[in-house]
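Each in structure tokens, the structures are laid out below.
One chain, subunit A, links the two complexes that follow: it is found with subunit B in the first and with subunit C in the second.
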Partner chain A sequence: MQFFGGSTAVEASPAPAAPPGTLTGLAGNNANVLYIFNRNGVCLLYREWHRPLRTLDAAQDQKLMFGLLFSLRSFTAKMDPTSSEKGNLGVPLLPGQGCSFHSFRTNTYKLSFMESPSGIKLILVTHAKTSDLREALRYIYNLYVEYVVKNPLYVPGTPIKSELFNTNLDQYVKTLI
Partner chain B sequence: MASIYSLFIISKSGGLIFYKDYGSSGRMDTNDSLRLASLWHSMHAISQQLSPTTGCTGIELLQADTFDLHCFQSLTGTKFFVVCEPGAQHMESLLKVIYELYTDYVLKNPFYEMEMPIRCELFDLNLSQAIQKDRVALLGR
Partner chain C sequence: MAPLPPRSGDAVFANIERVNAELFSLTYGAIVRQLLTDLEEVDEVNKQLDQMGYNIGVRLIDEFLAKSNVSRCADFKETADVIAKVGFKMFLGVTASVTNWDADGMSCSLILEDNPLVDFVELPDTCQGLYYCNILSGVIRGALEMLCTSY
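Let's look at the complex of A and B:
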């Protein structure tokens, strides 16, 4: 089953090919934060490259992020102007059900979101002027599949502790603009 | 081309004070629009807490599969947001025009009570004209 129609090799060239580090002043790393959640809200990975401001401790921050995404998905499903029959607000939505958002932007950051059919949610927080990062998120999802899911020692639903995954992720993030 | 599906105005305490639908099949009844407005108000606030850097003033653009949502927050905390087609241009300027109409026809109306639903004829009239002009200008291109 090819969900993304992607290749099995991780060396597949990422779509957002661009000169690294052009827009931001951040040396090398062009993203701020990455979160990966599973469908139960467990934070599988929290990776931070540039985060000067931390308002809450890590656990609270992750819960808040998950809660925000849950509410945003309910909101967009209900707000959808193209479909007339919708469920009620607050009804838990299955992955792929209802209109979902793929990014939002504030004046200081841009958050890009992707949910796989199995409920794995990827969130990438970057600077505000980033372009569409859906391809980048798909690439990171492929990295997750290759280095984490296919690792026989990995127990699904537990935090990710794979060195290979982290290294490849850091390398890839350096190439984003 | 681009036209808006609906417009919401939220007071600074999070209550919906104005909702107008411009022809989406997702027309909502009053209760739903009230709930969604409050939900948006809370999420706008939460997004400021999750910012990795200081100085965040909340969500300005939300991009979903079938629509985009542009939000403008005035200095006093009143939020104006429009639901439009994906990729619609010039929504920020439209929101600023709506804000000006709000200050002229709602705030300067001596009979208008703050944070109450907007029931000003002149505001409705001028708003329709502004939206119509926007639509005609875009279709004319």
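Let's look at the complex of A and C:
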């Protein structure tokens, strides 16, 4: 699966990018990209720290990401050998239902995913050698609660425009291994 | 690393920031008083309190999920228990008891023994029919709607 490393026939296929944060002199940020979606697929936040290749425009990219995670969750839950309850493949899953898929890794990057029962989905793309990021995602969810949800002037379901949240997020992401 | 187990209401309540109970009760009383003055109709005040609670609930659910780590409840009985034991404890500092289940398991009552909202409050005869704590029903409605079981 190569969404960020590969390309369509128009651009020449580049060599896999070197893992950032370790070799390149990149301001210490160890994550590449963060997405936050709500339960309706609205992209509340898209933040990128290091993304050498963009193949789609932003709206398409976010739709693709949401669709990917939606299908992956459904697919991993239906394939669960330990679970007894299995609906048909087409039935949409509720957040928290079925086993929870939390990351996938390719040779160039690792994508970590967390979904809260209220439907907030956090997606963090980092370099491939990262360890388990579930704690990190939970911390970012807490940051979201503190700086976004508790802000009375924020309308739930709209893109996040909070400077405080962005600053704290950047600071935290610098500390990720 | 395995996911964290859900924290009990007491554990969360011990770590969370708290506010003076009297300030809380008096502020809520001032809100209700002002609504009664502005709207004059007891039914209107009930509706407004419910709406305010709803707006609180849609935000509160994320804080609740982030701090308490509970996973999706299997059925309504479990939901009622989690609200009573973890939710109320975390935000109001008191637990509720769940009683009065009907035959289908579709409705129940949450009883608050000592409700911090009603400290110092005595309703006069002019306010018959006022649901003083209606904000709580709004909060529960808003929070559960964000977890709603149908797309």
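Here is the rule we go by: the second predicted complex is superposed on the first by the 149 of 177 C-alpha atoms of A that agree within 3 Å, B and C clash if a C-alpha of one lies under 4 Å from a C-alpha of the other, contacts with A are read in each partner's own complex, and residues count from 1 in each chain.
Keep this in mind: contacts are C-beta pairs under 8 Å (C-beta built on N, C-alpha and C of every residue); 3 or more make two chains touch, one makes a residue touch a chain.
These numbers come from a predicted model, not from an experiment.
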Partner chain in contact with A:109 - subunit B first, subunit C second, else both or neither: first
Partner chain in contact with A:135 - subunit B first, subunit C second, else both or neither: second
Per-residue touch tally on subunit A - higher for subunit B or for subunit C: B
Subunit B versus subunit C as contact partner of A:65, first or second or both or neither: first
Contact residues of subunit A, present in both the subunit B and the subunit C interface: 100
Contacting residues of subunit A [partner subunit C, same complex]: 39, 92, 94-97, 100, 116-120, 132, 134-135, 138, 141-142, 144-145, 149-150, 156
Complex interface listing, subunit B residues touching subunit A: 5-6, 24-28, 32, 35-36, 39-40, 42-43, 46-67, 69, 83
Residues of subunit A defined as touching subunit B within the complex: 32-33, 50-53, 55-56, 61, 64-65, 67-68, 71-72, 74-76, 78-84, 86, 89, 99-109, 111, 125
Interface residues, subunit C side, partner subunit A - complex: 1, 3-4, 58-59, 61-63, 65-67, 70-72, 146-147, 149, 151
